[in-house]
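Some structures to go through are shown next.
Here come two complexes built around subunit A, the first alongside subunit B, the second alongside subunit C.
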Partner chain A sequence: MATKASRSAARMMMAPAVVLLLGWMLVPLIMTLWFSFTKYLPLRGDSIERGLDWVGFSNYSRFISSSSFWPSIQTTLIMVGGVLLITVVLGILLAMLLDQPMWGQGVVRILVIAPFFVMPTVSALVWKNMLMDPVNGIFSHLWRFFGAEPVAWLQDASLSSIVLIVSWQWLPFATLILLTAIQSLDSEQLEAAEMDGAPALKRFWFIVLPHLARAITIVILIQTIFLLSIFAEIFVTTGGAFGTRTLTYLIFQRVIDSQNIGLGSAGGVYAIILANIVAIFLMRIVGKNLDT
Partner chain B sequence: MGQIQLKQVTKSFGDVQVIPPLDLTIHDGEFTVFVGPSGCGKSTLLRLIAGLEDITTGHIEIDGKDATDVVPAKRGLAMVFQSYALYPHMSVRKNIAFPLRMAKMDQAEINKRVEGAAAVLNLTDYLDRRPGQLSGGQRQRVAIGRAIVREPAAFLFDEPLSNLDAALRVGMRMEISELHKKLATTMVYVTHDQVEAMTMADKIVVLQAGVIEQVGSPLELYRTPRNTFVAGFIGSPKMNLITGEEAAKHNAHTIGVRPEHIDVVESDGQWQGTVGVAEHLGSDTFFHIHNTGLSDTMTVRAIGDVSLRHGDTIHLTPRAAEIHRFDADGLRIA
Partner chain C sequence: MARAVTTQRKIITTAAAWTIGLLIFFPIYWTILTSFKTEAQAINDPPLFFAFDWTLENYAVVQERSDYMKFLWNSVIIAGGSTILGILVAIPAAWSMAFVPSKRTKDILLWMLSTKMLPAVGVLYPISLIFVEFNLLDTRGGLMVVLMLINLPIIVWMLYTYFKEIPGEILEAARMDGATLKEELLYVLTPMAIPGIASTVLLNFILAWNEAFWTLNLTAANAAPLTAFIASYSSPEGLFFAKLSAASTMAIAPILILGWFSQKQLVRGLTFGAVK
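Take a look at the complex of A and B:
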C-alpha cells in the first residue's frame, strides 16, 4: 500500500465487508442490550410494536441471584477446561504418532480428521444412542461382556460424558494444527539434542514442546471461543439435566422454556463479559508465546 | 584422545548400498576433511561416525573401543550441523549450556565452562540473546561453542560454512583452523568445496559414490592424484584431461596437465588454440581455449595480466615434468 490512491482504493474495496460485518455484529448486540433492560414476556402480550417497559437492572440482578447461575458458570468452566486438557494432551500425542513414517499415512490422516466433519447434533446422537445407551449401547455390551454392571453414562457421569463427546469432535482440530507444527520442526535440532545427550523424554520437553508452544496457544484460543458456546451436544443428550447446564444452555432455557427474553438477554450480556474475561486471561497467560 | 577407526563399514538404505565396505583411520588430533561431489556419501559417513545413522555391517572404534552400538550421546563426539541446529527458544547461554545440563553438571561448573567458551569465540556480549537475533557468523560460533563446552574426543562438522557468504566463509575457515591448533582435538569436517579441504585439512579423504578414491595430505593429492577423478576434483581451476593421440605420445590413455603448469609462449608452442573467455583477476589471467584439437576446452593460467583477447590465437607449452599420466582404467601410471 504505497500510494494514497491505492490506500483509498483498498478502503473502498474493504468497505462492503466491514459494513456487513459491523451490521451483523452490532445489530444483534444492541438489540440484546436493549432487551436486557426491558420486561419482555411474549406470552403475556409484550411485543416490540406495543413498546417494552424499561425495568433497569432488575433482569441482571434476577439472573445472577438465580440458584442456577453459579453452578452454570462452574459447569461451563469445567466443560471448557476438560475439553481443552483432553484435546491438547491427546492432540500432541496423536500428532507425534502421525508424524512417524508409516504405511497408509494419507488415509490414516484423513480418517483422523473425519470426526470434525460430523455435525455436532449427529455426533451427539450417535454417542447417545449407539455408544452410551445403558441398554443397547456398545459400551453397555462391553461392560456386560466383562461381567460388569452397565453405566448409565448420561445420568451418572453426565458432565464427563459430554466432555468426552465434545473432545472427540475437537481432537481432530487440535491434532491437525499440532501435526503441521511438528512437521515444521527442523530434524537437525532433534539430532543435535540427541548428540548433546538428551534422551527421548528430555528432547520432547526441551525441544518439541517449546516448538509447539505457539500452535498450542492457537489451539487453546480458537477452541475456547467455540467451546463457550457448546449447545447441540447438551440439548441432544441431557437437555441440561444432571448438572450439565452451562451458561449458554441456561440462557437458552430462560428465553425459550421460560419465554423471558429480557432475562435471557441479561444472561447473554453476562456471557459476553465472561468470554472477554477468559479471553483476556488466556492472552495474558499464553500471549507471550505469540510475540517472539 | 580421539582416534576413530572404521572397519569394513557399509551402509544401505533399503536395497541401495550407499557405502560399500570402507576402511579408514582418523588419528588423534588430526584435521580430516571428507570431500566429494554432492551425493557421494560424505555426510552419511559423518552421520555413521556420529551414530545418527546405524551402520549396516562393520565396526566403528573410537579410541580403540568398539562404538558400533553405542548411542550418539555416549560416543563423546560433538557435531556442528549445516543449519547450526540452535534451539531457537533458548538464549545463547542456555544453548551452550544445554549439553552440560543434560550431563547433570553442577551450575557453577556450567557457568565457568560457558563463559570460557564464550570468551574463546567472542560471544560474551551476546550470551543473553536468542539465536534469532544473531547474524549467520555468530550463530555458527554458538554452534561451535555448544560443541566445545563438552570437551569431546572429536568434533564433527557437517558443511558448517555453506550457509555463510563468501567473505564470512573465509573468516570462519581461519577461525576453525585456529581453534583446531588451540584445542589440538580430532576434527572431522565434511565439505563439497575443495578449496576448504585444501586450506584446512591435515588429511583429505576424497569420496565418490561412497568409495574412498584417495587419502592423503593436501599436497600429496595435488602432486600425485591416484586417478583421474581425484586429478579433476582437487585443484582449481580443474586439471585439463586429454585423451587420444596426444596421450598416446606419452604412452598413456589419458594425460592431465594443470592450468598453472602450461606456459603461454609467443610462437612455436607445442599446442595452439583460440582464446575463448578470458578471466582477468589481476594477479592471474585464466584463459578458456577452444579448437586445440585435444579436448573441448582447455584452461590455462597466465601470471599477471596478459593482453590476449577473445578470438586470438594462443600458443601453449606444457611443462613436461608436470604431466600426469593415467591408464585406461583412469589409474595413475607412476
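Take a look at the complex of A and C:
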C-alpha cells in the first residue's frame, strides 16, 4: 500500500519527534561523559569557558572508593527490592481479591488506585507529618492508645518508612496491571482444575501464577526503572540522612550540594549503566510483544 | 458454565475488599478531613473523625500566605503546555509509524522508549547548564519543554497502540468511495482517533502534573508548580497540619478526579501496550 512518496512523507512526519528525542538524549549524555573525565568544581572557579582539566578515570575510581558509595548501593537495593517485594506480593493478592464477585467493586477499585495519582511530594509530606510524626501523627496516637511508646519513624526506622511510603504509591500500579492480567485468565481452566479436586493453593501455583508471569515481569521491570530514580520522597522526608541515601540521592548531593560536577558526573554514568542493564530486559519483552 | 457464588462468600469478599480499600485510601481521606479542622483539632488526641467544627479557614490562609493560585496556575500551564506540545509532535510520528510502517519502525519505537530510562540525575548538571545558558532557569517555558521531552516516548507509544487498532480496510473503503486525502483524514480517521488521543492527553497531563524531579530542581520563585510549593512545607513552623492538609488537598484533588477517568488507559499507557 505504501508508495515511495508516502514513505518519505512518513519520514518527514516522524522527524520532529526523532530529532527532539535524539537531542534530548545525546547532548546531556555527552556533556555528562565529558565532565566525568574532568576536574570540574564551579565554586573553585572551574568553568567550561576557561577549559576543564582532563583527569582520566580518577573521578570514577574516587566515586567508587568513597565511603558513601557502597552504603548507597546497599540502600538502593534495599529500597528497590523492598518496594518490589511488597507491591508484587500484595498486588497479586489484592488483584485476586478484586477479581472476585462483590458489591461495590467499582468503588473499591477507585479507592485502591487513588494513591497513584497523589503527587510524590504530597504523599511524602502527608506520611511524614500526618501519619508518622512521633508526637502528633496518627501512628503515635495509635501506639499510645495501646500503651506503647510512639516510634520516631523517619529517624529510627527511616529506610523501612520510606519503603512503606513508596510501596503505598506503587501498590495501585502493580494491582491494576495484575488485575488486568488476571481478568484475561480462562475461568474454565480453573473450574476444571477445581472439579478434579486440585486444592486452592495448587490451583494458584500451577495455573494463576504461570498465567501472571509475564505481567509480573513487566511490573518488576517498569517499577525498577522508576524506583531507581526515587527522589522527591527522600528529598522531603529525610534529605538523605539516617541511612536513606540512595545512589540517585548521592549523585544529587555531589552535584548540587558539594558542586563537584566531575565526581557527580562519574556517579551519573554509573547510574546510567545500572538503569540500562534493567532497561535491556524490559525492551526485550516489549519488543517481543510488538511482533504479535 | 458460570459458577454459582454463594452469598456468604460474596459477603466475605466484599468485607475484605472494602476494608483493604479503605485502609489504602485512609491517608488521602485523613488529609482531606484534616484540611477542614482547626490547627488545634488537627492534632487532637484521640484523633477527631466526626465531631469537630468544619472550617474553610485553612484554605483561605494557604492562599493568602503563599499565593497558592500562582503555583496552581504554573502547574496548569506547565502540565497543559507540555502535553499539548507533546501531542503535536507525537501525532504525526505515531500516525506514520502505525499506517506506513517500515522495517525500522520497531527499532525506532524501542529506541524512543529507551530514552525514557535515562536516569534524570545523571544529566541534571548538563541540563541546568543549558538552562542557565538560554535563560530558561525558573521559567515555565523551559520546564514545559523538559516535561514534554520526558513524556514524549509515552505519548508516541500510547498513540501508536491506539492508531494500530484503526483497521486499514476502512481507509481503503473510503478511498474506493472517492474520498480525497483531506476527507479521509477529517471524516474517517479523526473521529476514530479522538478517543485514543483524549486518553493520551489525560494520562500525560497527570504524569506532568505529578513530576517531581525536574520541577523541584529547575524552578525557584517564579515558575514553581504545586510539587515545589508542597515541598516548601517540609520545614514546619509551629502548628501546620491543617494548612498542610488544605494545600495538599488542593494540589491532588483535580488529578484524583482526572485519574479516576483515566484508570482504564493507565495500564496500556504505562506498560507500553505490553499488558492490555
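By our rule, the second predicted complex is superposed on the first by the 266 of 292 C-alpha atoms of A that agree within 3 Å, B and C clash if a C-alpha of one lies under 4 Å from a C-alpha of the other, contacts with A are read in each partner's own complex, and residues count from 1 in each chain.
Everything that follows uses one rule, which is that contacts are C-beta pairs under 8 Å (C-beta built on N, C-alpha and C of every residue); 3 or more make two chains touch, one makes a residue touch a chain.
Keep in mind that this is a model prediction, so the values were computed, not measured.
Student: In the superposed arrangement, does subunit B or subunit C reach more residues of subunit A?
Tutor: Touching more of subunit A: C.
Student: Quick check on the superposed pair: does A:Ser258 touch subunit B, subunit C, both, or neither? Answer first, second, both or neither.
Tutor: neither
Student: I'd like to know which partner A:Glu191 touches here: subunit B for first, subunit C for second, both or neither.
Tutor: Both: A:Glu191 reaches subunit B and subunit C.
Student: Touch test for A:Met130: subunit B only (first), subunit C only (second), both, or neither?
Tutor: It touches subunit C, and subunit B stays clear.
Student: Regarding the shared-chain residue A:Gln155, is it in contact with subunit B (first), subunit C (second), both, or neither?
Tutor: Neither: A:Gln155 stays clear of subunit B and subunit C.
Student: Could you say whether A:Met13 touches subunit B, subunit C, both of them, or neither, answering first, second, both or neither?
Tutor: second
Student: Would you sort A:Gln183 into first (subunit B), second (subunit C), both or neither based on which partner it touches?
Tutor: In the superposed model, A:Gln183 contacts neither subunit B nor subunit C.
Student: Applying the touch criterion given at the start, work out whether A:Pro210 contacts subunit B, subunit C, both or neither, answering first, second, both or neither.
Tutor: first
Student: Do any residues of subunit A touch both subunit B and subunit C, and if so, which are they?
Tutor: Of subunit A, residues 188, 191 contact subunit B in one complex and subunit C in the other.
Student: Applying the document's contact rule, which stretches of subunit B touch subunit A when the two form their complex?
Tutor: For subunit B paired with subunit A, touching residues are 50, 52, 72-73, 77-79, 81-83, 85-90, 98-99, 102-103, 130, 132, 146, 150.
Student: Across the complex, what residues on subunit A touch subunit B?
Tutor: 186, 188-189, 191-199, 202, 206-207, 210-211, 213, 292
Student: State the interface residues of subunit C toward subunit A in the complex, per the touch definition above.
Tutor: It comes out as residues 1, 3, 5, 10, 13-14, 16-18, 20-22, 24-25, 27-28, 30-31, 34, 42-43, 45-47, 89-90, 92-93, 95-97, 99-100, 102, 106, 108-110, 112-127, 129-130, 149, 152-153, 156, 168, 172, 206, 209-210, 212-213, 216-217, 226-228, 230-231, 233-234, 236, 241, 244-245, 248, 251-252, 255-256, 258-260, 263, 266-267, 270-276.
Student: Flag every residue of subunit A that touches subunit C in the complex, lowest number first.
Tutor: 1-2, 6-7, 9-11, 13-14, 16-18, 20-21, 24-25, 27-29, 31-32, 35, 48, 94, 97-98, 100-105, 107-123, 125-131, 135-136, 138, 141, 144-145, 168, 171-173, 176-177, 180-181, 187-188, 191, 214-215, 218, 222, 225, 228-229, 231-232, 235-237, 248, 251-252, 255-256, 261, 264-265, 268-269, 271-272, 274-276, 278-279, 282-283, 285-287, 289-291
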